[in-house]
Amino acid sequence: MNYSQNELMIAAAARELHGARVAFVGVGLPNIVCNLAQRSHAPNLELVYEAGVFGAKPARLPLSIGDPTIVTGAASVMGMPDLFQYYLQRGLIDVGFLGAAQIDKFGNINTTVIGDYKKPKVRLPGSGGAAEIAVLCGKILVITRLGKRAFPERVDFITSPGHLDGGDARKNLNVRGRGPEAVITDLCILRFAEDTREMTVTSLHPNVTRDAVQANIGWAVRFADQVETTAPPNAEELRLIREELDPQRLYSR
Amino acid sequence: MNYSQNELMIAAAARELHGARVAFVGVGLPNIVCNLAQRSHAPNLELVYEAGVFGAKPARLPLSIGDPTIVTGAASVMGMPDLFQYYLQRGLIDVGFLGAAQIDKFGNINTTVIGDYKKPKVRLPGSGGAAEIAVLCGKILVITRLGKRAFPERVDFITSPGHLDGGDARKNLNVRGRGPEAVITDLCILRFAEDTREMTVTSLHPNVTRDAVQANIGWAVRFADQVETTAPPNAEELRLIREELDPQRLYSR
Amino acid sequence: MHAAIRDLVRDGDTVALEGFTQLICFAAAHEIIRQRKRDLTLCRLTPDLAYDQMIAAGVCKKLVFSYAGNPGVGSLQAFRRAVEKNEPRALELEEYSHFGMVGRYIAGAARLPFYPVNSYVGSDLPRANPRIRQIQSPYGDEKIYVVPPLNPDVAILHAQRADKNGNTQIWGLTGVQKEAAFASQRVIVVVEELVDESVIRADPNRTLIPDLIVDAVVVEPFGAHPSYAQGYYDRDNAFYVEWDTIAREAATLDAWLDEWVYGVENRAAYAAKMRARLEKLKPGDAFAEPINYGEYKA
Amino acid sequence: MHAAIRDLVRDGDTVALEGFTQLICFAAAHEIIRQRKRDLTLCRLTPDLAYDQMIAAGVCKKLVFSYAGNPGVGSLQAFRRAVEKNEPRALELEEYSHFGMVGRYIAGAARLPFYPVNSYVGSDLPRANPRIRQIQSPYGDEKIYVVPPLNPDVAILHAQRADKNGNTQIWGLTGVQKEAAFASQRVIVVVEELVDESVIRADPNRTLIPDLIVDAVVVEPFGAHPSYAQGYYDRDNAFYVEWDTIAREAATLDAWLDEWVYGVENRAAYAAKMRARLEKLKPGDAFAEPINYGEYKA
């Protein structure tokens, strides 16, 4: 069966939500990923949007994380103070699903600036809710396309902390959530080593070589002892992506 | 025209709301007073109840400050966090109308204990919202029946601060609201001297002597240079009290 | 209700039955008494008649509160006997104002280490309760009082309606129902009506408590009597007045508990025994106009 | 609208147009541009297209924000030009996360000296913005970040409906509309529909903003286009995508402003010119079931 790299990435990311009860849905790719999970293997997955929605049942792919379709038919809709305080800060969210303009060796995410904060080369949108999602969700999953600029050894600016300098750095700061667990890209899946917390390739997508991965990462990346091959999207996942979620092919071409 | 002392007290208290835009309505007598004002001279007076109601239009005298009649037809009903933070603490309330088990020479109110806090002779209900109403409303009006035990020179416990030790004591603590302005009783009206902040009789109800007032106050009370005679309730006020607000005569007998 | 109280309320627990004036879950209070729970720390802004009854029945070790009166009537007599005379047992008090209790629930729900409230200045309450403290703003000279979070083991919240999963809607006075629910480890929701999930999802802005934090949903029509449920029944004010007489003597109070709590098996039996009185409490109709959320499919 | 913006928004003011994704008051933003207001400090969690347009038009001196992107599309190009190249003028930034901005509005509305949020740990944001500070809990070792209150001179809030006094009801995403209103010195409410006071009072739990704090009520159907109004119209997503192209060059952006802002007298003229497009945005019906508040007279 034919599929694009983006379709594979989206389907693989959705499978990472296996067993999750409540997911905080970030802007962009995470949106289609979480909606795919809810429509395929995780019908009881509760979608939480920072816009103030718990238990969304979107009738279409939300065009943004504040789309009216996440409101109609939801279990509860509230002001943002309640969402951030009583759901996120309360510790009710298992998984936060984020995108990233830049992510580094230890899973720190930059969505603020490329270059110096005061005189940026590229000004990015900023944190949104990501800075707090990164510290308050039980764990973090990240989806982003691989690329040398997107995967530097150190990000220019830590918007949303990952494992900081690695090792016990995060634990030592008393951060509540466990931090990034996996990064799903268009070429491979990376996880964080138990001891060093360094990002490590654990699964290569079909027909992707180690060299191709390394060529798109800004440091000498480690590979796990046993590198798996990512399972391709199945027919139902492809149908959901193509017919229901992204008929205009904005995310999945 | 015949009227009871309680009817006179209620009508006189209601008139103190002249010119007020927003009143915070305390439990008991203040409830009938504020409702009388809204139905007589102050139809645009907005009633705020700590229960979470702004702009109540009660169709009957509320049986308590959380009666369902304060909800139906109100302008806005909200949770108590919003009421206390965004209305009261925000500084939107002109006048807080309170009752008092005990009130002293400087307008400090006790609704907590008679006697020692740890081993009270009489355990009273406590603050409710009074401690914050007393500091956050623009000014405070008090309605309570005169009596030696109710008007001691110093209260046993300051639940809701009035002018504390008098003079500039309140200002020195940076309390936001101006504090008690008048105490309306069944025998007289008392106000607070500009300089000392001592409670002073400014108006005697018809046929009430100075001695009768002094006999019911626990310190040598001052009388203003010009003591007025309180105007009796008019026919419309009496009709509203007797027919609409208190047909069972719980407050006004 | 029997199973919910049996399984979720344990001796020694900190328990909050909230609901400001309306939706006070007497059905749960009575079941707690019937099951002879002991040593509870009971939290509530306004310990009302339901708490007076639990105090009289010897359920309560400690009270965390801000106004212990019979609202619109006067004092709570069993509460006074406990505080003034240690009858039937001594009662420990932890006392705040309403705003302080509100702040405690917000901090508990939001998992904040404290909550700032502009109150208590000039009041003796911080001297009576050293947990009310003052801190300094990092943005200037201002000082402000703070209260600590309140995180009950169990919250029991009455509501107009919920679906079977526990998504709960309340209208009229919502008090601190939402904050108490999110602040607590376990949540029991008691409703006048169980409705289909589609009814809840047709008006999600009205859902205050999500199924995610609800451990049990119990259906008890008239479960809040003698308090009220907006749109369902009025407050039985005559009972609040009668209670002042009933509660003045331990003997008459105990006789009342024997007849109306120990003497009935459950809330349905109570409601049947109280039927004539309950029927008089039904209000007239005052419907909200429906609003359109819009269908967004394509 | 003309009079409201003329009288209530002054050069140099701090102004908040809020509304999370829905109910973004483009009608007011365009009127601000048309009246050539200057040196505004503009606050908003998500400075969206309305702010990109105001920045491009030279209205904005400083931005207080947490996410300056084109939601679901990418970057805000005029914002980027201002930050990266000081075009058309330098733009001062004061940057938070969403939770930080939410906390700032809560503190502003509640007149608190600061608001605690469990965020920013490990982030570089506090280094970029020294107004994000840390304090110590008085109940233990815990430290927590705090943000200062935000109190705009003016808030402009779009809503589904209000009565003529300004009692305002919003459903769907309510964002920080309530907090922004209470935080501000002056409030302009812009609504899709003016309704009779009786409609508002028939459902008081839905009233987020009371007349007490409202200085002007303006009626502007489609006033939030190209954002949306739950139940009234959908987001014009095509426009959000088109904007990315329009805004990439200052010249095309200016031409757009000439045609759609300077070139139309008011929102009614804009809506007339946009009619065919607006009509396609109407959603299907999805009504909430009405609830009963009960009539309590006797």
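The letters A, B, C and D name the chains in turn, as written, and every chain counts its residues from 1.
Throughout what follows, a contact is a pair of C-beta atoms (placed from the backbone, for glycine too) under 8 Å apart; a residue touches a chain by one contact, two chains touch by 3 or more.
Computed from a predicted structure; not experimentally measured.
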Intersection of the contact lists for chain A and chain D: C
Chain whose mean Cα position lies farthest from chain C: A
Chain B and chain D, separation of their C-alpha mean positions in angstrom: 41
Separation of mean Cα positions, chain C and chain B [Å, integer]: 28
Whole-Å separation of chain centres (CA-atom averages), chain C against chain D: 37
Residue list for chain A, restricted to those that touch at least two other chains: 53, 67-68, 71-73, 77-78, 89
Where chain D touches two or more other chains at once, by residue number: 106, 111-112, 118, 171-172, 174, 178-179, 202, 205, 230, 234, 283, 286, 293-297
Chain-level touch network, classified as line, ring, star, complete or other: other
Chains grouped in pairs wherever the two touch, ordered by label: A-C, A-D, B-C, B-D, C-D
Chain C-facing residues of chain D, complex: 111-114, 116, 118, 131, 133-135, 137-140, 142, 144, 146, 148, 160, 171-172, 174, 199, 202-203, 205-206, 230-232, 234, 283-297
Touching residues (chain side chain B, partner chain D) in the complex: 21-22, 46, 53-55, 57, 59-60, 67-69, 71-78, 82, 85-86, 89-92
Touching residues (chain side chain D, partner chain A) in the complex: 20-22, 45-46, 65-69, 71-72, 75-76, 79-80, 83-84, 95-100, 102, 106, 117-125, 128, 171-179, 228, 230, 234-235, 237, 240, 283, 286
Touch list for chain C against partner chain A, complex: 106, 109-112, 167, 178-179, 182, 200-202, 204-205, 207-208, 210-213, 293-298
Parts of chain B lying in touch with chain C, wherever the complex brings them together: 27-28, 31, 50-53, 63-68, 71-73, 77-81, 84, 88-89, 112, 117, 120-132, 134-136, 157-161, 164, 170, 173-176
